[in-house]
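Next come two complexes, and both contain chain A; in the first it sits with chain B, in the second with chain C.
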Partner chain A sequence: MLEQVKDWDDDFYERWKPIAMGFVNEAERCLQCGKCTGQCPAAAVTPGYNPRKLIRDLVDGNIKRILSSVELWQCFFCSGCYSTCPMDINFPFFIFMLRLGAMNEGYGWEDVKQLEAYAEKDYLKDGITVSIRERNPFVVDTVGDIGKIREAAGLPTKRVVSKRGVAEINMISDLSGMTSFMKKIGGVDLLDCNTCDDAQARRCKTKPLPSKVGKITTKTRFYNYGEPSGGKTNAKT
Partner chain B sequence: MADNYLEAYGKETSQDAGERTLKYFEDLFSMEMPLSRMMKMMPGMVKFMMSSKDTREDLFKFMPQMTPMIKQAVTGK
Partner chain C sequence: MPRLDKVAQIPKPDKIFVFKSCVASNKYPGIEACSSDSLRILGIEPVDSDEQTCCGGFVTFANVAAPTASMPAVARNLSLAEEKGLDTCVVCNGCWTFLNEFGHFMNHNAEVKASVNMMLNMMGKEYKGTGSVYHIAEMYYRLKEELAENVKRPLKGIKVATHYGCHYLGGGKYTAIDDAQMPSYLEEIIEILGGEVVPYTANRECCGTGFTQVINGKDLSLEHTKTKLDSVKEADPDILVVQCPYCHSQLDRIQQQFNYRDEGDFQTPILHIAQLVGMGLGLDVAKLGFAAHVSGRARLENVLDRIGR
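And then the complex of A and B:
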């Protein structure tokens, strides 16, 4: 059903290219061969995720479908698609840029919110780029968090970064805008428990969805590329 | 709560969402240096400068490159 909707911004991609100063290019050369999807580890375990469809929708200008999709957030930047692509399309870069666009539309903040503790406690304060706080409950139950693994290996729980290193990280973060971005994440409000509905309450137990980030109203994403044809029921799982 | 993305966007078309996203990217890739952006950069630079003598000297080496940016941010030209 969703495949047949013709609601496209035809010149989005062409207009985006000059704005991005040459960083965005070559997606129009996509042959739709599907090699990216064939080798993708994320697609192997998530049937709904399909890089080929995302590229097609970007070039066609099916912007609403891309930005509001959960699938946009399932890539983990292994860059296997980039190395396999016969036309050398840098797909992970498009994912990175489109995620920023999606956040501007209010999608994906429940995932970004999870970085809050890492950003404030590890990265900016101690300069640690790999957090010792493991978030995957399966890993915590079976192996333990990274701090415990480091202790078992005879290393200090946290990696010690020099004072100069921390100062440099803080300066680079400030210059690149990362600090203000992280503060923005830290400042988001959680859903109001008095007003949220049952579906939101169920989501809250695992992934709290902030109601607003600055001027952006946050929204729940949809499985736009999955089976069955997307929607709320699918998004709950 | 919307059942799918078409409901979530309501009457808005991809054209509208595209315009908004392009506007966002225009700001993101902008080379302009407004004062607000410059002010966000200052705490890290001050912290870096105060960290040690080495870092202070390092930062001062970049002053010739940074001066025009600061000037642009303050004067808005």
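And then the complex of A and C:
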């Protein structure tokens, strides 16, 4: 269905609701009050990001803009918009389902590729998504052996998920289509502080602080999200 | 003000299934050790299972796995507690929202539940939807009388600031025990432990992890964390207490990066609520796992000197 998306699509929202698994069914109730944008941490650091506009364009059918926008990938998933929303719209679920829709259209794969290794090399291999390897890109010095700290705290040296547990989540992954989806994503090797070379380490530690609001550049591979230029009158029929 | 009717609904069981969090196990083992030990002191026997995997929330919302893959993973983890006839206690906001939301979704969608059970039946399991999921901070608040009786190491004169984390109050708008905008139960727990609560401006702000933004949108994430840490530094608490290991990891580790860049001197120790309660209940210092903390270690030692080791 998403393959036939045009720039403007009057029925898109109505047709999309059922395939969004019941998570998304209340966007048409939006009052456009903007409370979501007012408290949004992503909007605070990104001038272009605006949850209110995203909802408006979803309901109006300006769908191509949403799916191809960089803003779709800037959500912090903090659920703050849901907590303040007077109409109880669960916006993070919109973002989640729209990201899947955008991937179907070929957008956002670079972002998801960075994350595939967490599923393939940690979640499905050990049953634990966050491993002991240091993957936070901003850590300068690590604390050393976590195993020793665990022992001192009276825990086993390594938390191990039983073989049966790991086998079961792999079975779930195969049966539900997650494995084949991950193969499609491909994935990239994650940098971690034990394996990265000197050049990477230097770049990691000397990376300048982000520029303040106003200097942030929009990634070129996406459209710039903004006011729609056309409207129903300009839509292709 | 906490919703007292909701709090009263939380049971005081003899045993509870403790759901292990991946960040708590692999980055801050003190959280894992303290959560079990503090529950034991408060009269609840923790039960765990090595079949329990990660909740799968990260891979789902990172769009690596579709919800079709996550529903059965959630059901499988919840069925481990159901087999034993227990409720689940989690230490992480992410696990809490994910297990709660997706469990709720399955309980109210018979078709989804049936298809999930079809998959689980192949491995000899079944999801019934009988158990509840509670956050450990909720349990502490429910057990506040027991907590007050058992304080061995009062946090006298220690200034503590709070950070609730988005996925508990925001994501669980109707299931959390407190209001999403003006929560106060962590403050109450701190006062029971004898500490002094310090308010600061950016209390309700996100820690800046931004779920996957710490990997994909590093600059946005860092800028937001700076806002948060600047505000914390202004209030200058001895300890910043969080209730989510992921916020813990972000706020703790990023301070080091700002110090490295000469963007200010950040030395605020971050503690999970389980560690703070463990400290108050007089657990052995090694059990608190402070060796795994990246920032503010000197200040933590100073706190321990003041309240006794």
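The rule is short, and it goes like this: the second predicted complex is superposed on the first by the 149 of 237 C-alpha atoms of A that agree within 3 Å, B and C clash if a C-alpha of one lies under 4 Å from a C-alpha of the other, contacts with A are read in each partner's own complex, and residues count from 1 in each chain.
What we mean here is this: contacts are C-beta pairs under 8 Å (C-beta built on N, C-alpha and C of every residue); 3 or more make two chains touch, one makes a residue touch a chain.
Worth saying up front: this structure is predicted, and the values here are computed from it rather than measured.
Of the two partner chains, chain C is the only one touched by A:128; chain B is not. Once chain A of one complex is fitted onto chain A of the other, the partner contacts of A:89 are absent, as it touches neither chain B nor chain C.
Shared-chain residue A:78: touches chain C; no touch with chain B. In the superposed pair of complexes, A:171 makes contact with chain B and with chain C alike. Using the contact criterion defined above for the overlaid structures, shared-chain residue A:43 touches neither chain B nor chain C, since it reaches no partner. Number of chain A residues touched is higher for C, counting chain B against chain C. Of the two partner chains placed by the overlay, only chain B lies in contact with A:68; chain C stays clear of it. Applying the stated contact rule after C-alpha superposition, one finds that A:59 touches neither chain B nor chain C. In the superposed model, A:160 makes contact with chain C only, not with chain B.
In the superposition on chain A, contact of A:100 is made with both chain B and chain C. Looking at chain A, you'll find residues 21, 100, 164, 168, 171-173, 175, 177 touch chain B in one structure and chain C in the other. Of all residues in chain C, those touching chain A in their complex are 20, 22-23, 25-27, 29-30, 32-33, 50-54, 56, 58-59, 61-69, 72-73, 76, 97, 105, 109, 119, 122-123, 166-167, 169-171, 173, 180-181, 205-206, 208-220, 222-224, 226-227, 249-250, 253-254, 256-257, 260-261, 263, 286-289, 291-294. Chain contact summary for the complex, chain A toward chain B: residues 2, 5, 7-9, 12, 15-16, 19-21, 61-65, 67-69, 97, 100-101, 104-105, 163-164, 167-168, 170-175, 177, 179-180, 197, 199-200, 219-220, 222, 224, 229-232.
Of all residues in chain B, those touching chain A in their complex are 1-6, 8-9, 12-15, 17-22, 24-26, 28-29, 37, 40-45, 47-48, 51-52, 54-55.
Contact residues of chain A toward chain C in the complex are 21-23, 41-42, 44-46, 73-80, 82-84, 88, 92, 96, 99-100, 103, 108, 111-112, 114-116, 118-119, 123, 127-132, 135-141, 143, 146, 148-150, 152-155, 159-162, 164-166, 168-169, 171-173, 175-178, 181-182, 185, 205, 209-212, 216.
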